[in-house]
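Labels A, B, C and D are assigned to the chains in the order they are written; within every chain, residues are numbered from 1.
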Amino acid sequence: MRGIDVNCDMGESFGPYTLGRDSEVMPHITSANVACGWHAGDPSVMDRTVALAAQNGVSVGAHPGYPDLLGFGRRKLDCSPDDLTQYIIYQVGALQAFCHKHGTPLQHVKPHGALYHAVLEDEELGRAVARAVLQVDPGLVLVTLAGPKGESMSSICREMGLDVAREAFPDRAYNADGTLVPRGSRGAVIEDPQEVAARTHSLARDNSVRAASGETIELEAHTVCVHGDTPTAVELVREIGHRLQDDGLQLRHMAQLTN
Amino acid sequence: MRGIDVNCDMGESFGPYTLGRDSEVMPHITSANVACGWHAGDPSVMDRTVALAAQNGVSVGAHPGYPDLLGFGRRKLDCSPDDLTQYIIYQVGALQAFCHKHGTPLQHVKPHGALYHAVLEDEELGRAVARAVLQVDPGLVLVTLAGPKGESMSSICREMGLDVAREAFPDRAYNADGTLVPRGSRGAVIEDPQEVAARTHSLARDNSVRAASGETIELEAHTVCVHGDTPTAVELVREIGHRLQDDGLQLRHMAQLTN
Amino acid sequence: MRGIDVNCDMGESFGPYTLGRDSEVMPHITSANVACGWHAGDPSVMDRTVALAAQNGVSVGAHPGYPDLLGFGRRKLDCSPDDLTQYIIYQVGALQAFCHKHGTPLQHVKPHGALYHAVLEDEELGRAVARAVLQVDPGLVLVTLAGPKGESMSSICREMGLDVAREAFPDRAYNADGTLVPRGSRGAVIEDPQEVAARTHSLARDNSVRAASGETIELEAHTVCVHGDTPTAVELVREIGHRLQDDGLQLRHMAQLTN
Amino acid sequence: MRGIDVNCDMGESFGPYTLGRDSEVMPHITSANVACGWHAGDPSVMDRTVALAAQNGVSVGAHPGYPDLLGFGRRKLDCSPDDLTQYIIYQVGALQAFCHKHGTPLQHVKPHGALYHAVLEDEELGRAVARAVLQVDPGLVLVTLAGPKGESMSSICREMGLDVAREAFPDRAYNADGTLVPRGSRGAVIEDPQEVAARTHSLARDNSVRAASGETIELEAHTVCVHGDTPTAVELVREIGHRLQDDGLQLRHMAQLTN
């Protein structure tokens, strides 16, 4: 039976600051990327978020980022591959402890923000992240970009023996070559929940999506990323579930799809 | 066969800053309290320190502290018990990942600085720390003060089912009631390595130590704390080993003594 | 002509996190307490907030706090008076630079959160804060609590030659002795904007407020504190202005009232 | 009368961590670049460092850096020019307050580490820094690299009306085109204090220095940077003073040379 995973960034609140609509969105997704206290999140937020995921049968992933709360991990920091490996181990280890407390296994690791992009562009950083994940637990899944830009990172992981979940962005326009239309460009972001759900459905059933130029392109994705802090976030994740069910597809946890 | 554990704070360097003489002291101790990046230490320092401990057959413990690098965790922060529990889980979990990487189990948790004292004075904070340790791994040992001031925390741990290692300070003067002479007072700190080694020997063999007032007092300790950043640190830890061996005693890991 | 100052905490956003309704509240107050990046705020937020104050003719004050973003400065940190002096100088100096940039003088300093309370309870900390303010600029006004609990800090400032603005909380219930009813207690917080405005009016015209027990008590205040993050914040600050005007009173900057 | 300024990074200690030999080096330099708490330094260290500079008649400069204590400000952080402007204003303002306390004017601003290099390579960041300095105090001097790599930043400052001090590194080898030999290369760092002093003397008297290839190249510098954390730091700064005096040259504050 075919299916797809829906992942969403969760646990991005910090101390007095609240971000995202975690409790409303959580019931409708399959994998939660939980911030680990470096670019967002704090131990109390991590605890609540893992508990919420466990209650909803949602698989937990670590969402490690650069040590840059001020910039929300969205700014590249030119750190060495060796330091990066340790930064990832630290953050993933911290989250693992909360998973252990709540009796739910850690499923995956998805680098956050500027780090997500850095590993796509720099093989050495990619290896540094993959190495960290393997050293913490070789059974974890690493999430990286579906399409041509993510091929290098996928290969690195395969070589090193690490499972990869390829991720598509159904609320983002794609070029004909399978790359994302840059955020600044016209039409780069698709806001209509119905359309995003339809694109998710197409990714799940046909491994394809319609490019901005009109043609249908192949894009093999295990998981789609949705955003939890938009006004339509809850409507969207609900809609995705309905759209898939109508066609005999289903939401599945990424670990089931990558093994 | 009788024995005692020797523990020392390790891994207190941070980024560009070096503190302590870890590589020289490590070969002579049995348990290392490794800072977890909140009051001192960083992921790269943690990695190096756990590797060094593993190479030297030294058992690793977590040394969590308040989120106060500026004050080195030596200043009481009035945080809630619930938050404190999560702070401990976070830090211990992060260190556990480095232990896993280096194939060495985590042995113990010793609260650092102001937190060490806070749990002695506030039962609710004591329970918060014990709960955190149990939630991460009920097989861990918690280190707390030997003598009357540590009795409450020891009881809490026993009630909750957590192993406790009682800790003495052979380089500190004791009052006749088994409490420590406060740091500011005359003669509070004993600097002569020979004398500190002799006091360690007395603690290991006889469960006793000479008080500042002259009488010998009973003090049951599983481990003694030595300081790794003094000029005589290396001489001291060597001397302790020799003193014990001369009398058929030996250095033992605290987990062997508390089970 | 009689009047009173209305102060409000501003600039408490941080990086990706937004807190408060600064742009809506600013037009209706006279003094803004601007967070300085330690318990809340960041340089870009400080810049925007000072600019917004200057545009609205609102006097700027520094709102320094403990180095505890995670706890929003609401947790007592047991730091030394000497360190505290330097922490205040640092934060006030940083804000002064933004005031200079926007051509508006710094008017006052109001310690934030746990620090606000710490100086009321510990004279040494009170002197440490007063000393810092004097060293940065002896023309600044220090804001502290009106009523018996603030008398010690007021005296310290007077002795040291520092102007004080005494502050009342019109949305908080008062005991008959002029102390605040603790937050946890029933009726401690008054939510009706009309009533809060009426109490502000009474403070401005008669130097008095009705206690929870019914009697009218004397309370001499130069400024009232309003909260900018409640649903009724905007309605409240508007209402205060109207209430005062109706009676020929006016909103005045605290520096005009304390000199 | 000819002369040159000698600047040195100071105040890089943090909380429990000590770095550099500030008190020994300070008597022999003319300008101190004081860390502002972001990449190094803290308020108490800043206070002590400014006091020490004032006692020794040394001019104080701000040494702002990226918000990266863990990386000591040596790693490029991809922040926006607007944010960078505010980061500089914040740090310079904080230091100014300590200068005011100790009755010594702030003389200059020298970006630290990765930020020093970033402004040489990216004009927009250069303008962002220059703008910050002008907004805090247009009378400040900005320190940047002498030679071809610093020309763009010097031009930006001139255009914007900001005084520039061009800085040479007498302990670094130069290429024939006036650029520095990269640190990794053989012979890149000159360790002999006598030779470094001789090179400083040549820079002061003749506006020239011998390149690694042997020829004498022109290099107009107002100030030379020395490093305060090397074993020979004190000997070096003493030697520079002697070498200059022997030839009727003298140590001068950079502000005297740039006006």
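Simple rule for what comes next: contacts are C-beta pairs under 8 Å (C-beta built on N, C-alpha and C of every residue); 3 or more make two chains touch, one makes a residue touch a chain.
Not measured: the values here are computed from a predicted model.
Asks: Steps needed, at minimum, to get from chain B to chain C via touching chains?
Replies: The fewest steps needed to get from chain B to chain C is 1.
Asks: Does A-D or A-B have more contacting C-beta pairs?
Replies: A-B
Asks: Counting in whole Å, what is the centre-to-centre distance of chain A and chain D, each centre being its mean C-alpha position?
Replies: 44
Asks: Measuring centre to centre with CA averages, how many angstrom lie between chain A and chain B?
Replies: 40
Asks: Can you list the residues of chain A that touch 2 or more other chains?
Replies: 42, 70-71, 83
Asks: Counting only chain pairs that touch, give me the topology of the graph as line, ring, star, complete or other.
Replies: Drawn as a graph, the chains make a fully connected set, so complete.
Asks: Where on chain B is chain D touching in the complex?
Replies: Where chain B meets chain D, its residues are 12, 14-19, 40, 42, 69-72.
Asks: Could you please specify the touching residues of chain A with respect to chain D in the complex?
Replies: 67-68, 70-71, 75-79, 83, 114
Asks: Over in the complex, which chain A residues touch chain B? Could you list them?
Replies: 37, 42-44, 46-47, 82-83, 86-87, 89-98, 100-101, 135-137
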